[in-house]
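Structure, as structure tokens:
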């Protein structure tokens, strides 16, 4: 690993930064060496791994890429661990004009009539793919999909809602959960989108003795509580 | 009074201190190389600011340190043949010649055709200055100054690099301007014959 | 044979066709402005390539279109006083003077001190060329060429912009080089007195 | 790889060219004005202006995009003014992409232009003045044409930077197909999904071809402008 | 906002400055060499080289980073060579971040330098030749010093571009704290987490301060180099 005598090198999706930072701190306070966490998009990290990075652990927000790594690296798929899940909500600013409105209007279609909606880009961002599945299932994709503001990450979509540049965001529950400036509306029935799973895998190149232990730790029940604290669901 | 000039100016190690008044239309300025002749012309053209002094040509005050008059160079109506020619490299010879022609309130009304045949530069009109010979460059520079419709002329060794025949024709023109139009001129030269032919009024710098 | 030269060269509208051989160390080149004097010197210095011809100085062939000889300019060992001086603007006068001194196989062994006092440029040594007067620039250009330890000299109107006293001293030096060292020189000038004083061998271009 | 361009690819290319040309045309006069002002005088605040112009180069593009979003968003000071005055908005529109590209290209263009303006021989400016030319005429007839190489170099740099602009664009105007999904955003989008290597490669090749074409054009322009002048060495 | 710098912030700044200075020092001679070659002659392939130099400007930074990853990765042609020959690797190391920054800065530097090299008066080069100077001496004593303004402008552009480089860096060398997490990557990282506005603002201000300092330094250098020469207008 680049940093030599330190802890294992973890390549992790940016969207997991908040819980993972806390978990790494906890892990270190248990007397372990501090893991080195490199946050970037799941894509960039996967390509780096493919091209011979010395990472010990890969934690992805995008199942496609973990499958890709597992296939390309001939990794035993049994080694994949699911750390957490997530759900999708419709959110708006608490002090915006739409915060009250949608308490009284029942259907998603009615709420989203004529307003600006943002989410991840369905072509490239997992969040967008889930949003598209939901809107298709709701039968309003043809209308919304055309005018949806497609961002390059879940955090960019969140930012647009926070700035009120978009009236509504189709966002991860974990991004909305702990914010008191947003209200989320449980507009979507469960099961409208494929399950959201954050998965981790020990990379075959890993020689770090503590990498496996750290993986066990972040997949533990104790860790699940931390994920839950940040709005993630149990795996 | 053609010229009423008193200039003090320090530039690096050199300092000039000149004062003269003249009724003669053509005043020759002579002096050793490096004595400050070009510096004096630059002051009169408004490109350098004298430390103190007064510059008036034909009764028009161009500069006066006491009265705080300092006309900008583009309002001094002077035709200046620079020692280093300074043709515009991106313009053709013809465009160079025409550059100053717009000026309305000058005294020399020379046509482009006149100037071109006088200076024998007809074949150069469409060329860019970069490919001209030394003497050709000089002739175009003279033409540009003459055509700029000036009220007075500053000529800094105008005939350098010119063959005798051509130099002769240009001197004749200068004599004509001196006599017929009484255009005030300051004429810097090292050639004593040239100077003797043109004027009795000689200012020697030292 | 000091010079054995036969050059044909077309440049735009102008074409030169010169041939001369000379035992005299100093050959004057005269001719109207624009006739091709500078072009000829550039060919001899190696800056322009003649269309056809042969250039030999003191028995050394510098160019021969038949034998396909074409020495690059930096191997021709010539000291060239350019008509437009071409001092290096980013170097001091002293650095300009010393620039060519390294050349080993030349014929003029002049010391920096000699050249400086001869040309009267001692007070300019630390200045940059940008602030020199016309004549000062000229003198430094002459100094740079003389100090470059050349086997022969090309002088393109070396005395332009110089006052008589200084021009005289430089002519004396040129005469000394001509007589004592028999350095071949091509000397371009418009001044017939100058030419008459220096040589009987005159090549007229037309 | 050698299949003809799909209509989606055409759309991306025409959009990119539209955004880039508007960006360069917008930035060119502003950059030249800034270059002039930064070259000519030492007014108070000049230094701040200089720094401000450089900022988009120094800051990560995401930050520049974010700042644009805050300023030009519908709640931002400029954005709300534009909305109320002209009824238009730049956010999430191709015009916003052009603005982002222009802002990112600006510092490069200014630098190149400054270099050329500083190289204009002041003796020629003086000569123009003695010939009666006003400040303005001197500018238009001497300084502007003599600094043409810098303007061209600035335009080339600006074009290249604009056509490659990604971070500020995606942050400011998002990634909307047909509206703001320019070539770089399309490449990025394809890169995010495994198994799209061919689509990515096609788009990259297109970007290379466009930039080659632009280079050829610019070289031709430069040679025309310089009148085929010989080169230095 | 006015709290003193934390040790993490210091680490980020020193890392950024290290990466940037190595990048600029690395790119400077290469850029100048390329500028010379592209200015002086019309060898076959010159055009391709020109286009290649511009590519990092035209392509989205992610693609450039990806190409670097493929070339310099442990399995890549250059990467495996470096590994087997020198036992070192650039991937996921600050040296790789410097390489990415250098590659991204290169086209800007080359353009500025070309502008100045093309402006060198060929008559001075001829004069040097008649004074016996070889090609090499002419280069070192005439062309190089006279193109100094372009070198300085290139260095400024390169420095600014390097210190702001994000996309190619995070793609090529990831985002490893203390090793490759430069200022822009740190800003990005902070932007991902809610409630870190102050941390982001502090980092942005630091970036601004560094670039201001660099500008002041460069202006001072330029003025020294030009000997306080007067300006054009």
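Residue numbering begins at 1 within each chain, and the chains themselves are lettered A, B, C, D and E in the order written.
Quick note on the criterion: a contact is a pair of C-beta atoms (placed from the backbone, for glycine too) under 8 Å apart; a residue touches a chain by one contact, two chains touch by 3 or more.
All of these numbers come straight from a predicted model, not from anything done at the bench.
Counting steps between touching chains, the shortest path from subunit C to subunit E takes 1. Each step here moves to a touching chain, and the least such steps from subunit A to subunit C number 2.
When the partners of subunit A are compared with those of subunit D, the chains appearing in both lists are E. Among the other chains, A has the CA centre that is most remote from the centre of subunit C.
In this assembly, the C-alpha centroid of subunit B lies 30 Å from the C-alpha centroid of subunit C. Between subunit D and subunit E the centroid-to-centroid distance comes to 19 Å (mean Cα coordinates, whole Å).
Between the Cα centres of subunit A and subunit E there is a gap of 35 Å. The distance from the centre of subunit A to the centre of subunit B, each centre being the mean of the chain's C-alpha atoms, comes to 79 Å. Residues of subunit D found to touch two or more other chains are 66, 135, 188, 191. Listed for subunit B are residues 84, each touching two or more other chains. Contacting chain pairs (ordered by label): A-D, A-E, B-C, B-D, C-E, D-E.
Per the touch definition, subunit C reaches subunit E in the complex via residues 45-47, 72-80, 82, 84, 86, 88-91, 99-100, 102-103, 128, 144, 148-149.
Every residue of subunit C that touches subunit B in the complex is listed here, in rising order: 11-13, 30-34, 37-38, 83-84, 123, 127, 131-136, 138-139, 156-157, 160-167, 190, 192.
Contacts from subunit E toward subunit A in the complex involve residues 62, 65-66, 69-70, 73-76, 79, 91-93, 170-171, 174-180, 189, 191-194. Interface residues of subunit D facing subunit E in the complex, by the touch rule stated above, are 36, 39-41, 47, 50-51, 54-55, 57-63, 66, 107-108, 111-112, 114-120, 122, 125, 135, 139, 143, 149-150, 153, 156-157, 160-161, 163-164, 166-167, 183-185, 187-188, 191, 200, 204, 207-208, 210-212, 215-216, 219, 230-233.
Residue ranges on subunit A touching subunit E, taken from their complex, read 2-3, 9, 11, 14-15, 17-18, 21, 36-40, 44-45, 47-48, 51-55, 155, 158, 175, 178-179.
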